[in-house]
Amino acid sequence: MVMPYLSSRKFEPRLREIRFTVKRLRSSPLSLAGITIIAAFAIIAVLAPVLAPPADPSRPFNIPRDGFSSEPRPPSREHIFGTTEGQYDIYYGVIWGSRTAFVIGIVVVGASLLLGISAGSISGYYGGRIDNIIMRITDIVFAFPGLILAVAFAVALGRSMESVMLAITLVSWPTYARILRGDILQVKQETYVEASKTLGGSDYWIITRHILPNAIYPLFIVATLDIGSIVLLAAALSFLGIGVPLGYADWGQLINLARNWVVGPPHDPLKYWYTWAIPGAFILLFVLGWNLLGDAFRDILDPKIRRR
Amino acid sequence: MSGDLRSYIIRRLLMVIPVLFGVSILIFSVVQLFNPIERAALFIRSEREAANVEGIIRKYGLDQPIHIQYFTWLSEVLRGNLGWSKVVSKPVLDALVTFLPATAELTLYAAPITILLGIYLGKKAAVHKDKAIDHATRTLAIIGWSMPTFWLAIMLLAIFYGYFGGLFPPDRLSVEASIYVQSGKFIRYTGINTIDALLNGQLWIFVDALRHLVLPTLTLVVVQVALLMRVMRSSMLEALGQGYVVAARAKGLDLKTVIDKHAGRNAMIPVATLSGLLVSGMLSGVVITETVFNYKGVGWWFVRAASQLDIPSVLGFSIFAAVLFVITNLVVDLLYAYIDPRIRLT
Amino acid sequence: MSKRRGIGRVTLALAIVLVLVIAGFSYALFSFSQQAPSPTIVQTQTIVTTISQIPTTIVQTVTTPQITTMVQTVVTTPGPQVKNPNTLVIATIGDVESLDPAWAYDTASAEAIFNVYEPLIFFKIDPSLPAEKRGLTGEFEPRLATEWVWDDPRTVRFKIRENVVFHCGDTLTPEDVEYSFERAMVQDRDGGPVWLLLEPLLGVSSTRDDEGNIAVSFDDIDKAVEVDGQWVVFHLAHEFPPTAFLQIIAQSWGSIVSKEWAIEQGDWPGTAETWQQYNNPETPPLQNKMCGTGPFKLESWEPGVQYVLVRNDNYWRPPAKLERVIVKVVDEWTTRKFMLLSGDADMVVVPRQFVPELEGTACEGLTSTCPTGIRFVKDLPSLSVDAFFFTLDISTDSEYIGSGQLDGNGIPPNFFEDPDLRKAFAYAFDYETYIKDAWLGEAIRPCSPIVQGLAFFDPQAKCYTFNLDLAREHFQKAWNGQVWEKGFQLVLLYNTGNVARQTAAEIIKKNVESINPKFKIEVRNVDWPVFLRSMIQRKLPIFFIGWLADYPDPHNFYQPFFHSSGTFAQWQGYSNPQVDELIETAAKSTDPAERQRIYRQLDSIYYEEAISIPIDQPSGRHYERDWVQGWHYNPIYPGTYFYTIWKGY
Amino acid sequence: MSSILKTLLDENVLLDVRNLVKHFPVYGGVFRRVVAYVRAVDGVTFGIRAGETLAVVGESGSGKTTLAKTILRVYEPTSGNIFFDVPLEIRRRMSEGWGLPEKLAELYDLSKFDGNRLKSIRRRMQIVYQDPSSSLNPRMLVKDIIAEPVRIHKLKLDVDHHVRELLTRVGMGEEHMYRYPHELSGGQRQRVAIARALSTNPDFVVLDEPTSAVDVSVRVQILNLLKELQRQMRLTYMFITHDLNVVDYIANRVMIMYLGKMMEFGERALIFDKPSHPYTEALLSAIPVADPFTRRKRIILKGEIPSPVKPPQGCPFSTRCPYVRERCLKEPPPLTELRNGQFTACFYPLS
C-alpha cells in the first residue's frame, strides 16, 4: 500500500484529537499517577540486565538460587530483598518479573487482538451463518468464567510461559471479537459503508477502509488497558500452581513461593514480610498503574461523556 | 408481543443445547491432549498403585478413541448419570448438590453487597465528579480491582485469623457448630448454613456461620465492586448530561430528586447488563477465594478436579457453569427489556 | 416524598448489610474476648474428674452447646482451657478415597478404616518406651482373634473372639472373617491392595491376567480361608515368612466386615455363581459406609471435606475416651497452621519445609506443656525410602535425552548400562547437604532398600559417599573415556511441589556440572501426571521416587527395587536372574537365618550394581496441642490411632 | 402493461426497469422462520431517458429509496429486470416486441450481474445520499473520500489532480482536500458527496433527497450545482424526494409511488397541471404556495400509510382515497395510459 499521507497538514486534526486527550489525561491526577507507575516499570524492564545482571545470559529469566533450604532469608547485602522459599533471590525475581509482566501483557493482548479482530470483523460484517457459528464459539468460551477456562487450558498445555500466554489468549479473544462485532454492526449501518459498496468496493476494502477504522479504535484502547488484568490472571494461574515453571522470574510465582510464609512464628509474625510484601507490591502497583490509566481513559474516550 | 417474548425465551433456552455440546466437546478435546497414562494418574496417588497402570487405563477406557469416549459419556449423561467425581469420591451430580449451597451462600452475601455498594459509590462519584470524594472512592475501588485476589485473601486470613487469633476463621463452621449441625437435631432445609440456622432458630449457628463468611465475602466484594462502580459512574454521568436532566435541574428541582427520579433509572440499564458479568466474575472469584479460605464450595471442587485431570468433574462443573451463564444472560436481557421498553428483543 | 425512595432503599439495604456485618464482627470480638465458648469449660471439669473411667452417661450433655451458656457462663478453672474437650480435630492434606477396606490403598483412607474396622490381630505397643517409640512392627496382640497357631508353615488358624458386636448390630462370627478375606480377593481392583493377600494365599499377584480376564478359580479363593468351629484357618499357597503374613493381615485390608450387612449393601453374596461380577468394580458397594467392630463408628463422611467418627459405646473393650473425632482436609498450609495456633485443630500435618515457621512456637517432647499450647516430637522413624533410579534402556523418543547420542548434546538410550557411570553419579551426590537442606537434617542416610526398622537391617551395609574425585575417576572410565571427552546433556525431572526431589535434582546438577564443563544437566518440573507417564514410558534418564512399606518386611522393599518384575526395576529395564532367584527364595523362606544370609548377599550385589541409589529415609515430626494426651506412634500405622487419646491436662 | 413498455422504450432510454420486485422477509417464531414479507417494491416498470431527470415522489415508506437501491444493487432484487444502457440495435428489437433470446437479454440485465461485471457497471451508476454527514466516513480526509472510487476501480489517474479538479467542479477549493468531513459545513459536505459520485465519471446518478438535510439557504445552490453538472457532464438523474417544489424546479418527468407501487407517471408539467390520480392530487394540494392570495383546496389524507406487510387487497390507496368506490376495494387497478405518456393506476382518473 502506498503511503499517501506524508503531508504534515494531514495529521493536524488527528494531532488535535490526541492533544485534547493528553490534555484531559494530564488534568486528572489519577491518570498521571498511572502513567508514572507504568513508565517506572517500563524503565525497570528495559534496564533489567543492568539492574540485575543475569549469571547465565542465555537464560536470563531463571532466578539464581543461593542454596536449597526452604526457609526464606531476610534482606542482606548479598540479597537486597532477601531470598524466598528455596533461596530464590527476590530482587532478581521482581526486576526480571517486570519484563515477564510486559511480555505476557503485550503478547497476550496482541495475539488476542489478532484473533478477536479477525473473528469479530468476519462475524460482524458477514452476519448470517458464519456469524452464528463464531458467536456460538464465543458463547462456549464465555460459558466458563475466564479463570476457570484458563486453568483448563493451562493444565492441558503443560507448564511453560508459552502455554500460560496461549491459555490466556484463548480465553480473552472472544471478548474482543464480541466488542468489535457489536461496533461493526453499528458501523455497518452507516451510509458511508453502503456508499462504498455502491462504488464497487470489495468486502476487504470496506472492512479495512471503512469498518475497522471506525470500529477498532475503542477496542484498541480497551485491549491495551487490559494488560493489567491479564498479568493478574497469569499471576492467578501461577498461584494455583499451573503457571510458569518453577524458578522463572514471575511475580505470581514469587507470591506462590511466599504463600506459606505469610505469617511467621507468633512471637515474630512479620518475620518473612519480604517474601510476600515485595512481589505483592510490585504486582499491585503494576496492575494499579494500568487500571488508573484505564479508568481515566475510559472516562475521556467514552463519547457519551466526552465534552468538547 | 407476548408471543414474541415467549418464542424469544424458548429460543434462548434452546440455545443452551449447542453451547452445552460445544462445552463438552471442548473439554473432551482438551483432555485428548493428555496421554492415557497421564489421565490414569488421577487414579494413582502413590507409587505403589502405579504398578497396575495398564489395568486402570483398560478399566476406565482411557485409551479409546475420543469419539467413543465421548459417546459413552454422552449416553450416560442422557441417562442422567454425570459420572463419578474421583477427587471427592462421589457421583458428579451429588458433588454439585453438595458443594453448591456453600458457593450459593457466599454469593448470596457477596453479590448484593457488591451491587449495592457499587451503585452507591458510583452515584456518589458521578455526582461529585472530579471532587475529592470522586477521586477517593475511585482510587479505593481501583486499588481493590488491582489487588490479586489470592494475595488479598491470604493477607486477610493472616490478619484476621493469624494475628487476631481466630477472629474470622476459614472453613464454613466452627467445630462446635458443625457437630451440632451434624447431630440430627438440625434440619438442613437448603444447605445454606445461615438460612438453615435461622429456620432452626439457632441464632448462635447463624452468627458462627456469618463469622466464617466475613473474609471470603470481603475478598469477593473488594475485588468486584470497582467494576460495577465504574460502570455506574459513567452511565450516571451520561444520564446527568442528558437534556431532560439538565432541564429538570433548570426547573429548580434539587439534585437529589433529579438523580433519583430521572437519572437513576436510566443509569441502571448498564448495571443490569453488568450483573450478568458479575455472576461470571463471582464464579472466577470463588475459585481462588474458596481455595484460600478452605471454603468447600464448587470453586474449590473445580480447582481440585482440574489440577488432577478429573474429567467427569470438570465436565459436570462446566455444564453447570454454562447453564448458569445462559440463564443469567436470559434474565438480564429480560430485565433489560423491562427497564427500557425501547429495546426490542431480536 | 416518593422521590426520595430510590436512594433511600439502597441506603436502607446497605444499612442492613452493615448492621449484619457489624453484628457479626462485634459478636466475634465479644466471644473472642471470652477466650473460649463456655460449654466446653463446663465439660472440661467433668472430663477431668472422670478421665480414667468415662461413664457413658456424660455423652448426651456434650453435644448440645447452648447459645446462652456460650456467652454467659464463665467458669474460671485454673490453668489453660481445652477447646472442644471431647472432640479431636485433625487438619490434614490427603483425603479419604474410599471407606472400603478392600479398596483403600492410601494412608488417609486406611487411617479412617483402622479406627472403625478391626483386623484379627494388631501391632503391639510397648508401654515401657516413650510414646513416639512405643510402636512395634514385628510383634502382635489379639484383636478380633483371641489366639493364633501355626499348624505348619503353610497353615495358620485364628480363634475368633466371641460377643463382639458390629456397629450395625450383628454379632461377629467366624463366617464374617472368612467372608471378609474372600470378599477382598473377589473384589481385587486394579491398583488396589489385595495383591498383598493374593500373594501368600493364592500365589498370584492378581485375579486377572494381563488382558484383564479372570485368571483364578473361585475354588482357590474359597479354599484359602475356611471356618473351623470358632476358628478360621488360612491355607497359604506356598511357604511364606510367618511374620510377614501376620504383618499383612494386621492392616486395613485385613479388616473384618459384617457379612450380613455387606450383602445388604449390595456386595458379593458369598456364593460362587456371581463372584466374577464383583471383581474389579467401578466403585465398591462399601465405598461410603462402614460397619465395623472398632472403638469408633462412622458418623458422616463428606468426601474431600471431612469425616467424623463417634465413639462406639458398645465396644468390646472399654469405650474410647474421645467422644468424637473430626478429620478435616485442609490443603492450604497457612490455614492449617492458623488452625493449630488457634486451637481449632488439635493436630495438623506440617510439611517438612515449613517447620522453620513453627520454630519457637512449639515445645519439644510429648509430655511438655508449652506457653504457646503446642508441642512436637521429631525423629519419628518411618518405613519409607527415597532413591534415584537409573533407566538402562531409555525410550528413544524421550524428550529428555537431547540428541539421543553421545555427541555432547545428549545421551544414548543405553547410557546408564555402564556401571561406571552409575557409580560416578552415586559419588557425585552430596548426601549430607541433601539431608540438611531437603529434610532439615531429619532423615537417615540409607544404604540399601532394607531400611532401618525392618528385620534384617544391616547397620554396616556399604554405602556410596560424596566424593568428587572418585566420581571424576568413574566418569573418566565410563564408555571408554568417551563420556569424559564428548560430554553429555540430559534433563532431570521432578514433580512440582516435591521439594525434596527438586533439591536432589539440583544437587546432582550442581556437582556433576562442576566435574566437567561438558556435562550439562537441566532440571525441570512437571506435574505429577506427566512425571508418572514419563517414568512409566521409560523416558527419564534418572528418576526420583519414594517407597512406603506395605508391610514391614525386607521383601516388600527388595521386590520393587531389584526384582526384574518389581515396579521400579521394570521401569528401569533392569533384570538379573541371580538377583531374582535370591529375592524369591528369601520371600518363601521361613528360616530367619537363611533369610539373613540372602539379604546380606543382596545388599552387596545391590551396592555393586548401583542400579538405584537410596538417598534418604525421612524421619517424621508430629505436632499437637499440649492438651492432647495419649498419642503414640508406630511407623506402620497409616495415621493416628484414636482409641488411646483424650484431651485435658 | 405492454402499452407502457412500448412508450418507454424509445431510443433515448438509458435505464429500463421492468416489473421490479423487492420483498424483505420477516422472521418470527422459535426457529426464526420467514413468516411474512415486506413488499417494499412491488412490481414497478418504468424507464429513464438519457440526460433527463426523473423525480420519484412519495411519502416515507412508499418504497422510493428501496427502488433506487435495488436498481443500484445495494439490495438484491426479488424479481424483475433492470436493463442499463442497452445498445440501440438491441433496444429496437426489444421495443418492437420481437423478444430476445434469454441469454442475450441477460447480458444487459443488471439484476443478473455479479462479480467483475457488477463492479464495472458500478463505475457508471452513482448515488448521492440524503445526509452527507453520515455518508462520508468521518475518519477519512476529503481527498481520500473523493479518491475512493478511483482507488477501488484502480483508474490510472493522477489522484491529486483529479481530486482538485472535482473539487473545483463542485465549487470548492484545494484547501479543503486535507480536511475531515466534520470540519466542513453541511453544504460543503454535500458537495464533497457529489464530487465523490462524479469521481468515476458516471452516466447515471441517483440523488436520494440530496437537499433535505442541508440548510434551506444552500438548497438552491446545490440544486443549481446539480443542474449545472448535469448539463456539463450529460448526466441522467433519478431524483428521489418528497418535496414537490424541488420536483417542479429540477425534474423532467415524475413518478408517484405509494406502497411500493407506481401510482402515476408522466411529464412533470402534465402531472403538475392535471394530476389524474387522487393521491397525486392530494400531494400537490399540500405544496405551500408563495402567493398568499392564491387559495387552493387542501386535501388532507386521513389515516396512515398501510403496512407493506399486508397491503390492501384492491387499490393500495383505497384505504385513504376520498373518492374510493367499490371496485377499488376488490381489484388492483392496472397502469393505463391516460394521455400522451401520462400513466395512471386508477379506475376512475380525475379529469
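All chains are identified by letter, namely A, B, C and D, in their written order; residue positions are counted from 1 within each chain.
As a working rule, contacts are C-beta pairs under 8 Å (C-beta built on N, C-alpha and C of every residue); 3 or more make two chains touch, one makes a residue touch a chain.
If you're wondering where the values come from, they're calculated on a predicted model, not measured in any experiment.
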- Task: Would you indicate which pair of chains has the most C-beta pairs in contact?
- Result: B-C
- Note on the structure: Per-chain Cα centroid nearest the overall protein Cα centroid belongs to chain B
- Item | Whole-Å separation of chain centres (CA-atom averages), chain C against chain D | 88
- Chain centres from averaged Cα atoms put chain B and chain D apart, in whole Å, by 57
- Query: How many angstrom lie between the CA centroids of chain A and chain D, rounded to a whole number?
  - Reply: 52
- Query: Centre to centre, by mean C-alpha position, how many angstrom separate chain A and chain B?
  - Reply: 24
- chain A: which residues touch two or more other chains? 155, 241, 259, 262-263
- If you look at chain B, which of its residues touch at least two other chains? 34, 154, 157-158, 162, 291, 307, 309
- Would you pick out the residues of chain C that each touch at least 2 other chains? 332, 334, 338, 341, 527, 530
- Show which residues of chain C lie in contact with chain B when the two form their complex. 3-7, 10-11, 13-14, 17, 20-21, 23-25, 27-29, 32, 37, 39-40, 63-67, 70, 83-84, 87, 89, 94-98, 105-106, 190-192, 206, 208, 210, 212, 280, 282-283, 287-288, 299-300, 302-305, 308, 324, 326, 328, 330-332, 334-335, 338-339, 341-344, 527-530, 532-533, 536-537, 545-548, 550, 560, 567
- Contacting residues of chain B [partner chain C, same complex]: 34-35, 37-56, 58-59, 84, 87-90, 95, 98, 112-113, 116-117, 119-120, 123, 154, 157-158, 161-162, 164-171, 174-176, 178-180, 182-183, 185, 202-204, 207, 210-211, 213-214, 256-257, 259-261, 264, 291-294, 296, 301, 304, 307, 309
- Message: Quick check on the complex: what are the chain A residues that touch chain B?
- Response: 28-30, 136-137, 139-140, 142-148, 151-153, 155-157, 228, 232, 235-236, 239-242, 252, 255, 259, 262-263, 269, 276, 280, 283-284, 287-288, 290-292, 295, 298-299, 302, 304-305, 307
- Hey, which residues of chain A end up touching chain C in the complex? 65, 67-71, 85-86, 155, 158-159, 241, 245-246, 259-268, 272
- Item | chain C residues touching chain A - in the complex, by the definition given at the top | 332-334, 337-338, 341, 352-354, 356-361, 372, 433, 436-438, 440, 496-497, 499, 502-503, 506-507, 524-527, 530
